[in-house]
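Labels for the chains are A, B, C and D, by order of writing; each one numbers its residues from 1.
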């Protein structure tokens, strides 16, 4: 168990490196009877593809998913669903410049310290391609959740210091700009900022927000497997995420109980609702029936085409310039990854929750 | 597996309610040969006791830990270490006021939705007393880590909007004030703020910061069991935590790669170091050898002695006043809980890491 | 995770040594709403007590279970159920004779090799008292299963070479003799054999058979978590068990397909039944709706009051006589342990199976 | 987690059906630095291929393994090793005869009861092809174990009632006959018996014995994860296995302590040895340093070309003849599967054991 397994009931195991034969994931525990085809998964993979914008790397990956098992006559059988995406672009590159040098902000040094050596071709398991397995499995989780009336939607909340304006929020806008921002004005400002960054050979970070609708009250386990704790782990496990919030998050630390407590009320049909949602849909680690709201902070892409000081394997102080095309910001491509991780987490705890009562 | 288990190698299972016979924890997987006595654990439990300040509940709990198993001739045997703390104050109270009402900001409604009923005496498993098991097990993890030269220290970083000033940072000060703030000036201001809040029958939140020193590079598993992801889950599983950061956290989302990348250099003795620590000691989910820095945002205590609107089990809109003495802020008592969760996580991943190489 | 956890949904963690403060178990994952009291558990513990026969050790243990958590108003809450049995008989004994010597047939040498030292007082975690946690948790599993119409019953099938005669099988007889044999004639012969063994300062083994009735078809997971595989692990984990069979077991290896295949037929009410049950109620690792039949072979008690050759910690060849009263056969006391392990396994897989379909 | 995961440190997840696109396995937790190539795995897969004998099905499968990830410059990287074997023979067959009928002795009825429907093409996940994933992963475990001086070897001990004679035991003979029997005389008798069975359109079972050499004392966890318990689960999870023994197994139940206890002695070089090995190399669930000996009883192949009575999905009593070529005995092909399961279990517990001491 070297970290590539996630989930108890809806369990996934991912595999693959950026420059190996392919990447993939196996899902064990998807209930039998769910309609599922490759297109259900492909449309999620397409959303994480680069080349959709001039701010994301131009390499056309064309990641095509193949379902290898677990489907019979268009439906899940309850047995493992193996998914594979072949790496098409395996051309030999010249890695001599980085093979013995630890890139600042990357995991190179840590992998070497851990395993005694590292796969220096494109980052190995710390590469962005590792997220293909997450997204592919997440698409299956999304399909399962939709069967139960649950939707998961994420978007770019901010790029650098440019944030969407809640008054201009329009989810439909998300698809119309290449930064996945649901606010046309903010998106335009962010695109201008990106141009400036590329000019300056620099990169930036941003925040992704995710809304999960339709989760019934009662999902999440007390104590260690709280819904928010599991969401935090799932989202923080995405490369480059440095912060996580649920509901009001860090702002709650500056609030008061009289403001932060969400009052309950009953609707005409007897449904229990909350007047506000500072909790972000989770109380005591268990869903309270309102929208689940979470945010993830992504650090700036560490790959920048600037000279940086670092160390090589021989322990010498050296300088490095990381060549090649790099995304100046990972956030737009990470939106679908956050959705995937959220969906995987809710699916797992939803199934686990079936055993809470006699 | 209803959420009360944490960890793979250093695995713990906690149990107990605030108003049952006691609370406790069993640790399975502490290596054999570690010196351990009740005092090692008691001193950590004493740090989470209320009654140490006029801002924390006055009830004298006097939680005494008893080691029931796993120690022979003063050393761990490698077999389970069972720890128990009896609840002394089990006097029958009058819970009629809250037994059928869902307290705003509490997990009452969620537990009812999940299990079909709830233990209304003091919150059951969502009570603050649940953290005793965490702290007791955490103290053992701390002892184990100290054997390997690793220290874990947390403190109050902010109370409401009052934050410690890094220029006045003095860890020794932490023990001198009742808010566990390592800055005498900030502590004084926070105490004044607390008085005002108590007057106003209100409560507030705050931020705890935790530093882990001495973790060698290479701890943490790639992909899903990244060190920061596991820390996030562990810390977010503490009741009332709504946000988590590692290193620069959300500030990193507003930074640039040229600033956020920590450059490596080699010291005279060949040790690889970083010039800055924006990463908070973790790159690609694996420790990089520098200090691990994390923060947790706590929401305001939901129990306030004010009239609030809510709903009862019959689905009627009602009003509630939660009587009794309550902490207007949980942060000072939570400091040791954050330490415990951090220690448990690092101990588990440190042991898991023994299998990374041949 | 040093081996003291069992189960995924109905998960238990046991703790305690024979000569420490007590032994116990925590159950995490028992569904909410099950009526449960100490007497439900005590009656199972009483069945494993020694002193009920002149062939089992005379020490009166009087193991009294205490429920510490997880019950509210007589019902399970869905949160952990902690159970403790204090060790009453902790008088200091003289262990000098065995503390440095590895008893033949015991785990002394293995524990020392594993942990670098051992708790020599009565076997530590390899003591028969370790089974108290199993039986206490098993009693809860039995209560849960009975809610779903499932019964688990075990008995002594053979003692040494003396086996019950299927034609004289009478389960009621089981309670009437001290060897738990459901055949009065065989029991009488076995008692005579036991007398002879005690005279000869020797010991013997035997076989326990267990029948599980009422398990619906469909319980068990394909591939690695087959119902029979999980039962095998659970039962083989009982100290002294050296063999396990399901249905016809080893006899099936000598049979033919035309005989061994159980033909299906439909009853008037549409129920699918089998004409025979060579499979022992499990096909492809999944329950087939008929009785589940399993057997466990126990080796002779290794503690015999005879001079034996062995080795001490210093690596010297020495002789040893293990003094004290010992059961010449563990089988009668193990019957309830087999029931417990079978119940724990079926309960876990029954709950897991709730997630098989949409 | 629907049963397709095995192991904690050396964890595998298998996938695939007999008539889908392929079968495979992903290994997460193989330590970094192990030399590994496809040939290491292929030679194990070749041993389970049919068509090597007239007693095993003639279909040429030609299962070619492909390593998809986890290897860099000929060595394991510590990250997941994904292995795939494409199903070549996917020609459409006529399954109408069995698609609505439950074959006696097969898992058809149980899968239907569990999932609400079944993949009727060749047994789905209960097919013998499912073992390809086990053998492929097992080959990697074997390679890892050999690095630590551990060998795993299994052979056919008996076919029906024909058993090898210990006096004629010759492991080299195993490769010379198609039944994998290490005794030429017994092999000849068994081949004659097989001819007779095929004539009679019947099938038979048999016993596989496995010897594991070189396991140091101290492997295995106390209580639930005993080495023998884990071996039992792993081996009993192979389709058609109905019984499991360690060391003397069921014969121990008829033995006496004075005979069954293995006495220890010290060799000239200080090594602790045992004069006998009734324990089969495991005491108290932990390896004792001597050879580990286990046996698995396989039932007769349920597929026989005879008319049998059964039930269809509509609940009608019907008759069935299962056409096609079937192995009259699975034992020879199962030998390598038993080796694989034993190797996977020992590898996992060997790695886990690294955390037993400080």
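The rule is simple: contacts are C-beta pairs under 8 Å (C-beta built on N, C-alpha and C of every residue); 3 or more make two chains touch, one makes a residue touch a chain.
Everything quoted here is computed from the prediction, not taken from an experiment.
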Reference chain C; chain at largest CA-centroid distance: A
Comparison of A-C and A-D (more C-beta pairs in contact): A-D
Computed distance of Cα centres, chain D from chain C, in Å: 26
Whole-Å gap separating chain A and chain D, where each centre is the average of the chain's CA atoms: 39
CA centroid of chain A to CA centroid of chain C, Å: 46
Of all residues in chain D, the ones touching two or more other chains: 1-5, 8-9, 14, 29, 32-33, 78-79, 114-116, 125, 222, 352, 355-357
Partner chain C, residues of chain D touching it in the complex: 1-6, 8, 14, 102, 104-107, 109-111, 113-116, 125-126, 130, 158, 160-161, 197, 200, 202-207, 216-226, 228-234, 236-237, 239, 241-250, 252-266, 270, 272, 275, 278-280, 283-289, 297-304, 306, 308-311, 315-317, 328, 352-353, 355-357
Chain A - residues contacting chain C, complex: 8-9, 29, 31-34, 78-79, 147, 222, 351-352, 354-358
Residues on chain B engaged by chain C in the complex (per definition of touch): 1-5, 7-9, 11, 13-17, 20-24, 26, 28-30, 32-33, 66-70, 72, 75, 77-82, 84, 114-119, 121, 124-125
